[in-house]
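Structures given as structure tokens follow.
Shared chain: subunit A. Partners: subunit B in the first complex, subunit C in the second.
Up next is the complex of A and B:
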């Protein structure tokens, strides 16, 4: 017999935790990488922090009839089972259905010793770099004894007006990067390698030898002149996102919200309080690890703690 | 001030308790600390006076874990440590003295507790010899049980009693408690000789080959864990694997019948087993034997 399950998908946002405005993430300053910035014979210990964050609203997939957030399982279609983490290998598909399996160690070892190094190779003028190369931006902060050489490099770069071109390996991805001054800090932007930037050669319909009349060109240039302004990024907003947040806010206020059924965590009532019973049992119990009639026998209490499940 | 709790008159900061350490399984740091508190009477005797190494997973089991030997900066002042000199390097090992230490470790997202085979009193003389059965892919669990029974019976012929536990992953580890008078070299040689006899009688499913790539679909008979500074997951240590399995002591009748899976015992169900059977590993602390 064939059973057909119909799965409905609706999309929702998770309710914000108390005190957070919807859509506002909490910016946690946590170093994502530690290593050193090498510059000639100088090594500056640095930490790397993400400089940007995407504010795209995140929706979760729910099962529409019951509003339970969907879980994702990694399933093997051959063994017909869910695959635990330790049974997952990494394979490179060099042709359809043919893989080269590499272990984590092998992949790591390819990164070599560069793993913890930002190696400055050249100093260039920033105008020479087309923005198409830029990928992700990070702030660099000195680590421990790095403070003085960090300040020195920053001042020297500021006065020379040059930016540094460097290489960096983040996790297992090696990138070209620039290091430049950004206010009081050094900022690093990873860049695509030249062979990662697609060629424009095969783009369709790009006009080449087109005759342009002088008058038209003057008009177009005038138009540009009229709109010329200083760059004011604050002027721009994500209107779509703001509209969706408004919509969500109204639903939250009108209590038109869906709540996931119980295996979802209820908000931490007081987990500390819930642990108190376990603390009392554990305290003063030296536990000789004796056989069946030991005092710890009462330990596996069956009752559920109210804050859970 | 982070939220703190008084445990045995020690103040332990317990933070971020709702953090999921087994993502998708609903097992949080709260559950981990609760586990440590409730398992403390069973696990502490095994950790007492022993150098310990911890594996921490602050981002949960799918994040990057790391080993911690040294007591970290910012550790509470009541935490007891003991220095050990490895050549010029000094490591301040953390001593597990009570549920407060375990709770603090839980708050550090320490998911795995590894122990030395010798105590701090006699670091050069192991308290047990360990026969580690490490199955490669393609080995069935009943085959591991067959090998475990072979080890047990061989030792029995020599008049020795040993005790088995799951590694918490796929293997079985057999402990032979010793009077701490032998060197690691002696206990290692003893295990090696025993394993060589096992290999001779079960060459189809066992291997002594150190190189992983040429072991084949065999059970690796690992005696090299018998060395100073080498560690094994302690009994009742959790493992950072899906389902939060526990390294669980076994009854030999269970091994003989291979009536369980190594992943059968976990953070949730281990207590009903303890309630029924008590600490099956308690004799490992008392039944100290002589091998020569």
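Up next is the complex of A and C:
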């Protein structure tokens, strides 16, 4: 468990200059948020680290003839000029082309004093929470004097088997969140608010009141039974990403990169016909030819079996 | 009859064909897993040589009840998968192990075919006492073929078929006596006999086993294969020492030391009690010939046919 803690408390940064393997990152430890976890009368100073990282390969857009990376400019079409950072304001488009402009201070003030607080409000059973609510996951690490109360909360949660529901404000966005134990670590997952989860009411083509045959159901259940297994996430990996990295690696090393043609679907009929053709050819060579109508058949069995009864 | 458990009929082994054999017909020995199919109305049950129920592993065969012109029927045959247009036991074992995320993915990746060669029951009667050629005629009459279900053709000339099978690098042939009843196994019946061809295979060298400090054999591995090429981790498939001279072993060892790995490149651990293992980066392939696959997917009696010079200097 401690091992997991060590491996994941790091943030991966792509660094092309370090001469590392393509697609692998250089590891740097960096907290993305500092604040406290409030649990009754106890405040635990904590730091927040990203628990996951998307390993999708990023391609930069280049100007094809000269391979120069493209830059993005913010341009105002009225003033016909590039806009510096100080001249950018934030506006909410309440109807087409009509904006309410709010200053950064006003937006910040709405977040209130909660800004640096993870506030635990309830403890619930994890089974009650549908995974559809989960958004992003973070690891919490104690900061300074937070060690002892951190350990206390962790042990208490482990023994009670409950997870904490909390609120947290990251940047300016307030979220509902859960705090739970993950090995030796407390992990926080931000969650969508109920009104952010779309209703299933208007989904098209969802079958209701369908008569299902008992036999089909038994067959389907048997299939499920057969594939039932323990969850082994390490079985799954990103084949597409590996293939692309291979292509890039070969290019970097100056090798010719051959692109494989798409696979042909293998058919047993082709094989059967090939075998039949070679047998006929061999029979022809030995002068043991049979009637024309017989050799033309795809299956030689019919005539032969009955002929030899 | 639907719930009946039947051990499939087993042929004896014979190294060569009988000369001028007029009482037998010959069929390709399809290298796959033996499977009996029980159909009762719309119900289907597949039963393997181990007598276990395999129905859910091969959803391609769920159409079988629609392909037979009878209400109740029992078929015998071999389930095969193809790789590079020939049967691959290795591929079909991947289906048996269902080590994949989902059946829908694996059925696309490794489609299987049912090569049917016998009929044991039709409508209300057992046919096991009937002669083989009568069962064959009925089978042709009452089973409709489709892309995944095929009848195994029978040939008069065993020599020609054996030669054809050799050219196509297939497993071997089975001779069936025309008047043969169906005698359930596992005892081998003299009515049927099989003649096998040595098989060839390319495998990666993933390690070298050492007896004390002397190199003794090469550890071979194979990556799982789908139609799109190699997928997944390398499986250990056995070790080879036959066909290797001491000098060559020493050369392999030197090469191995240059390409050594600190941990095993195999997904499953090679079993070599009392031997030290030198793991190497699996970048070299060698060709081996072997008799057959053991049930736990290892090579039986492998012999190396490629020389190390060919490999080092290419």
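Rule of thumb we're sticking to: the second predicted complex is superposed on the first by the 237 of 309 C-alpha atoms of A that agree within 3 Å, B and C clash if a C-alpha of one lies under 4 Å from a C-alpha of the other, contacts with A are read in each partner's own complex, and residues count from 1 in each chain.
Heads up, the rule we're going with is that contacts are C-beta pairs under 8 Å (C-beta built on N, C-alpha and C of every residue); 3 or more make two chains touch, one makes a residue touch a chain.
These figures come from a predicted structure and were not determined experimentally.
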| item | value |
| --- | --- |
| Touching partner for A:227 - first (subunit B), second (subunit C), both, neither | second |
| Partner chain in contact with A:71 - subunit B first, subunit C second, else both or neither | first |
| First, second, both or neither for A:235, with subunit B first and subunit C second | second |
| Which of subunit B and subunit C A:282 touches, first, second, both or neither | both |
| First, second, both or neither for A:121, with subunit B first and subunit C second | neither |
| Partner chain in contact with A:85 - subunit B first, subunit C second, else both or neither | first |
| First (subunit B), second (subunit C), both or neither touched by A:219 | second |
| Partner chain in contact with A:274 - subunit B first, subunit C second, else both or neither | both |
| Doubly contacted residues of subunit A, that is, touched by subunit B and again by subunit C | 263, 265, 268, 271-272, 274-276, 278-279, 282-283, 286, 288, 299-300, 305, 308 |
| Touch list for subunit A against partner subunit C, complex | 215, 219, 222-223, 225-227, 235-236, 239, 260, 263-272, 274-276, 278-279, 282-283, 286, 288, 299-302, 304-306, 308-309 |
| In the complex with subunit B, residue positions of subunit A that touch it | 71-72, 84-86, 263, 265, 268, 271-272, 274-276, 278-279, 281-297, 299-300, 305, 307-308 |
| Subunit B - residues contacting subunit A, complex | 3, 5-8, 14, 17-18, 24, 26, 28, 30-31, 33-34, 37-38, 40-42, 44-46, 61-62, 99, 103, 169, 241-243, 271-272, 274-279, 281-282, 285 |
| Subunit C - residues contacting subunit A, complex | 25, 28, 42-43, 55-57, 59, 62, 80, 82-87, 98-99, 101-103, 111, 113, 115, 133, 136-137, 140, 147-148, 150-151, 153-157, 160-161, 163-165, 167-168, 178, 227-229, 231 |
